[in-house]
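So, here come the structures, one by one.
Heads up, the next two complexes both have chain A, just with different partners, chain B and then chain C.
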Partner chain A sequence: MREKTTTLYLGPQHPGITGNMMVKLQVQGDTVVKAETHVGYLHRGFEKLMERRNWLQSFTIVCRICVPEPDPNEENYSRAVEEIEGREVPERAKYIRVMTLELARIATYLLWYGGQSGSAGLYTMGQWSVGDRNYILDLFEDLTGGRIYHMYIWPGGVRRDLPKGFKDKVLRTMDYIEKRLDDYDKLLFENSIFQKRAKGVGIIDKNKALEWGVVGPPLRGCGIKSDVRIDDPYEVYDKLDFEVPAMEGGDVWTRALIRRFEIRQSINLVRQVLDKMPGGEYYNKIPNPHKWTIPAGDAFVKTESARGEFGYYMVSDGGNKPRRVHVKGPAYVHGVSLLENLLEGENIADVSFIMNSLGTCPPEIER
Partner chain B sequence: MAFFDLKGLLSPITGLKQFGKKPHTIMFPDVAEHASDRYRGLHFNKLEDCIGCGNCSTICMNEAIDMIQIAGYEGKKGDSGLRPRVDNGRCCWCALCVEVCPTGSLNLTKDYIFVTPDANDFLWTPGVDNKEKGEQNISFYSDKETSLSDYSRVPMRELDGDVRIKSFAEAVLGYNEEEARKEASRCISCGLCTESCPDHMHIPEYINAIARENDADALRIIYDNNPLPEMCGKVCTRRCEDVCAMTHRGDAIAIRWLKRYATETAKNADIIKEIVNPEIKEANGKKISIIGAGPSGLTAGYYLALRGFDVTIYEAKAKAGGMTFYGIPKYRLPAESLEKQVGYMQSIGVKINFNTRVGKDIDFKEIYNNSDAVFMGVGFEKPWTLGITGEELNGSLQAVTYLDVINGGGKMEIGNKVAVIGGGNVAIDAARVARRKGADVTIVYRRRVEDMPADWEEIEGAEDEGVHIMPQGIPIEVIGDKNGKVTGLKFARAEMIPDPDGGRPRPKQIEGSEDILEVTSVIGAIGQEGDYSFIPDDMKDQIKIERGRFVVNEDKQTSLPKLFAGGDSANRTADAISAIADGFRAVKAIEKMLIK
Partner chain C sequence: MSENILSKEQLLLDLLKKKFIINESSIKRAKRVEVKVDPKEIIPVLLYAKENSRYISFAHMSCVDWIEDGEFEVVYILWNPEDKINFFVKTRVSRDNGVLPNIDFIWRQANTYEREIREMFGIQFEGLIGRQEFILEDWEHMPPMRRDFDTAEFVKKTYFNRPGREDAKDVREFVQERTDEELPDFAKKYSRD
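Then we have the complex of A and B:
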């Protein structure tokens, strides 16, 4: 007897992930037979907005392209502008940028802990990790004046130098987070519920991963070593000692392990950066923003965000506004085409779980 | 994996050890809100420091900031009187408004809690609505280092002082293209300068054009209401720069030098005509006579000619420009520059009758009766005397007379040691000219150097050239020998008495401090007045004159409807740009009176 197919709408209000999107599911019993993603609930369009704002004004909106991790956007935007204009960035600023990016990565993974475990029904984990994330946000507040939208990395360097006593505070926080990771392991990775839910679920075919354009932890979770920080180093990553983790498996479990490893790695990177950070200027001042023009040209820059390779293509026609900015984030691949493929044959209860494991971020799809 | 996994069940239970620990989160209002020292919270504006330039409003991409009128703050020179009002429903706390605030008055605070049942309450004026706890809570601010305003002026290249005194070559060399673009790009287009300019020149607009690398556009914008821009670009008193938003923390935009740059891109009168390409209206048959080819007369003549009037200017001297030719030394304003600008005016139809003194060569009444309107820009020619003993001696002279002779190409013997009395631009001009003629020059001024009405750049220039300045010196007597030749200046020292009403301190002679400065000449430069003897007595009765100046209404119209007046003889500001403004104003009034 053929089972009846039912249509189920997941979302559009925060379908287990940050941001609004909808997944239209055709289900037979508990099994998804077809998934169709629908985006467009956020009414954003930052790329177009930037064409109407001058080079400095555009800087303040890019952070909104990814709410949980705004800094790669700021860094990409700034570096693209600097590359077209040929603006030098002081060495100290580069170190501060890397510190900011790594702190943002830790904060993002801590939030991911919450989402990943929450979508498996393990709510304590989320409360712990989101609580601990607040300590990183405290650091951001001290450094940038904002907890979520930092608006800190801008063309020419960073907006302000490190405040007094900041270095020690960062190190103390890193020590604390590192200690807490053992607790997290007990609560999540050693938890049989999580193991049973995560292993063998949402498997990405290693042979197809590159073809589909999978990046970041999902790609490394397929056993493919790929990381912009190593492959195409930017800022001062080439001066830091670290390696890319990769594990075979391609399921939610391996992706989780990769992130678990990378938090420790980022803590280590932050320590290295603070150790090696030179003194000097932190900012190569831009001219009066109202009359700041950038020579005609274009640039493509990319960073490794917590969700994978994040790129900006920027064109200047020589005026005081960007002619075109194209944001290439991982969420478009992960959250639309890849997700639709992965969900087929999975359990309804695993839909949000898989979405979380891919780092789907609707604001970035609708950049 | 076996179904029963003991470790997998027990491990999560270890989480219970966290039970009873102090929570991370801060409960409001049990624990007072805390924000970091750099927090970007609600705005606070130091109203007294704010100048209402609106730069915060311009940079805000959310259109969260409106500039509004608030009680207790009136517009004045250098302050629009407006203050920012923030719509906290639109603000994203990016703090770009703080980064671009040229005075540093706008800041963000540690306050971030604002609860109201009425959405309209989100519109509030920083500094007014959070007056009590705003200032001590300031957290995100921008100092001179971090500010995105560029406070440093591109320095102007000049000849060295010791080179300058060897000739009358122009001392200021002018910006080159790169320097001009850089300087122009500092401007934030607030427009406070426009308000302060007597002629309300379109300053932000032409500076924008220069920054956009469109010098021709800049020149066209400039010529919209100033037909002597190169002169202004070299010697204007530049009240615009006094109020520039950048002066609050640094150097004013070099508005004068930028104007000079734009005008110098047109090398001769033909090129000016080609670039400005003005629309000249068809002749309307109305005849206008103008007395005096000074800045006000030339301005009236130029714009009236463009509007189709038949314009004739009567000039007593051989050259046009009035005081700008005969009063301003050639190292500041070369004769060729003025000739170029006047040449352009003549090319569009302004007729100038040189060497024609009204009242002597031609009768005033005749001009008056044969014209549809008459504009007088006769200026102040007659110098004031010092009113001290010995002024009649040989070697005691007046600065305007001296400058008139030298600028006209003549010679005047002043000896090798000169005292100039006064602290205005004319005094400095006379001193620097005498210096170029090889004299050792001392300026004697009653008050302090900072009280001198002369342009600070002129004072510095004079000092660079080796002119001595003796502040707080009161001249008492010009001393001569038995042949009636000046040998010295008797003066006394002065102490400054503070004005109880808050005005500038007054000099008071110190008893017994008299001394004698040995000099060969004494040049007085304490002011001039008008000479209106060209007006017949029967007409003089009908023209109202008060304190040496024609009384005019807003349209620069005298008590005789057909007769207009402008420049030094009609306004109290006594500078070229005010004269130009008068001329421009009169043009509009004359056109209204005769055409519309």
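Then we have the complex of A and C:
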């Protein structure tokens, strides 16, 4: 007897990921035979908008490209402008940028804990980790005035210096988060439900991973040590002492373990940055933004975000507005070509689970 | 160390120049090699970079509208994970009926980039398979990322204002009229010059 194929529309609203995206699934019984990503529910035309705004005005748009982790966007945008213009950034600002990026990485992973466990039906984990993420958002509020969108890293440096007593506050928060990670291990990684759901699911072929454009924790979860912070160091990552964890496996479980290790590594990086941070200026002033022109040229800069390599291709025609800003988030590959391929043969119940493990973020697919 | 890296970059350029017709080439900075080629050279150059020079990772693909030249510039960015070098391949096609070769048989994720560029700029890719619509839906107008597509004009023509806001005036103009007060020139007031 031939099994009937049914079309199932998963999304655009669903619990698997941040933002709206639909996956059209062809299923036989509980098994997915074909998956097709449909985007367009979040297209706000940011890249087009940026072409109409001056260099400084655009920097307030870019952070909105990814809600869970806006800082790599700000950093990428600023660094692309600085590379084309040849603008120097004070050393202190670079350290502050790295601190911000690492804090953002921890916050993103804490949110990911919630999403990943939530899509397996383990809701307590999410309540704990998202609650703890708020302590990091408190730090961002102190530092930048904003909890989610910071608009803090801008061309030439950062918008303001560290407030009084901020260093101690960060260190206290890092101690707290580090302590909490043991609780997370007990709740999630030692949980047999999570282990059974995650092991052997959504496997990425190690031999094809680089060619398919897999980046970030999913790539390191295939056993390939690849990280922009090491491979193409930016800001002051080359002055910091850290290692990139990589593990063989390629499944959801390995990707989760990689993220678990990386939170500890980011805590270590934040401590190092605070320890080594020099004094001095935090901002190399730009000219009047209305008259600020940038020499013709182009740049492609990359940052290692929590979900993988984040890139900005920027072109200037010598005017006071960008000619083109093209954003490439990791989800552009993870959420479309990789996801469509990985879902084939998987169970319907694992679709959201896999999407989450890849760090799919629809806003960056359509910008 | 830097000499070593630069020599690797130079080596790639020398090899490419021997085998293909390269219009322009440069080493912009350490870790960045760039070549400009004609559209017909795209597939041979990319295939050679992938198969022979270990540029196995397809990092990015973008399109820039140079309306004053009547051309689109399409940029392919490859990454060599061993030598840690970015390789830029640029080509130009006409804005009117630009056609480029499809490269998704080399890197399958290029399919997504090509579909987006086809939709947003109107460049056709020979033999590209995939849904015609990627981000837009029922779009009958000019591809929106072209420089001559005026977003503000499109919004004015397509949408209407809420009753009571038909004038759709800038709020500063509105305040100026009501209060009869000259508002400061903010650009001048906050200028650092």
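The definition used in the following text is that the second predicted complex is superposed on the first by the 365 of 367 C-alpha atoms of A that agree within 3 Å, B and C clash if a C-alpha of one lies under 4 Å from a C-alpha of the other, contacts with A are read in each partner's own complex, and residues count from 1 in each chain.
Convention: a contact is a pair of C-beta atoms (placed from the backbone, for glycine too) under 8 Å apart; a residue touches a chain by one contact, two chains touch by 3 or more.
What you see is a predicted model, and the numbers here were worked out from it, not measured in a lab.
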Partners on chain A (chain B, chain C) - clash or fit: clash
Partner chain in contact with A:Tyr9 - chain B first, chain C second, else both or neither: neither
Which superposed partner A:Val336 touches (first chain B, second chain C, both, neither): second
First, second, both or neither for A:Tyr176, with chain B first and chain C second: neither
Contacts of A:Glu190 with chain B and chain C, given as first, second, both or neither: first
Contacts of A:Asn288 with chain B and chain C, given as first, second, both or neither: both
First, second, both or neither for A:Trp212, with chain B first and chain C second: second
Partner chain(s) touched by A:Tyr123 [first = chain B, second = chain C, both, neither]: neither
First, second, both or neither for A:Val39, with chain B first and chain C second: second
Clash with chain C (superposed arrangement) - responsible stretch of chain B out of 9-17, 27-35 or 63-71: 63-71
Touching both chain B and chain C, residues of chain A: 285, 287-288, 290-291
List of chain B residues in touch with chain A within their complex: 1, 5, 7-9, 11-12, 14-15, 18, 23-25, 35-40, 58-59, 61, 92-96, 100, 108, 139-140, 146, 148-150, 184-189, 208, 211
Chain C partner contacts - residues on chain A that touch it in the complex: 36, 39-40, 43, 45, 47-49, 51-52, 210-213, 226, 231-232, 285, 287-288, 290-291, 298, 300, 302, 309, 311, 313, 315, 323-324, 326, 328, 332-333, 336-338, 366
Residues of chain C defined as touching chain A within the complex: 31-32, 56-60, 62-65, 75, 77, 81, 84, 86, 88, 107-109, 111-112, 131, 133-137, 144-145, 147, 149, 151, 187, 191-193
Partner chain B, residues of chain A touching it in the complex: 53, 56-57, 60-61, 122, 124, 128, 131-132, 134-135, 138, 141-146, 149, 151, 159-160, 163, 183, 185-188, 190-193, 195-196, 199, 283, 285-292
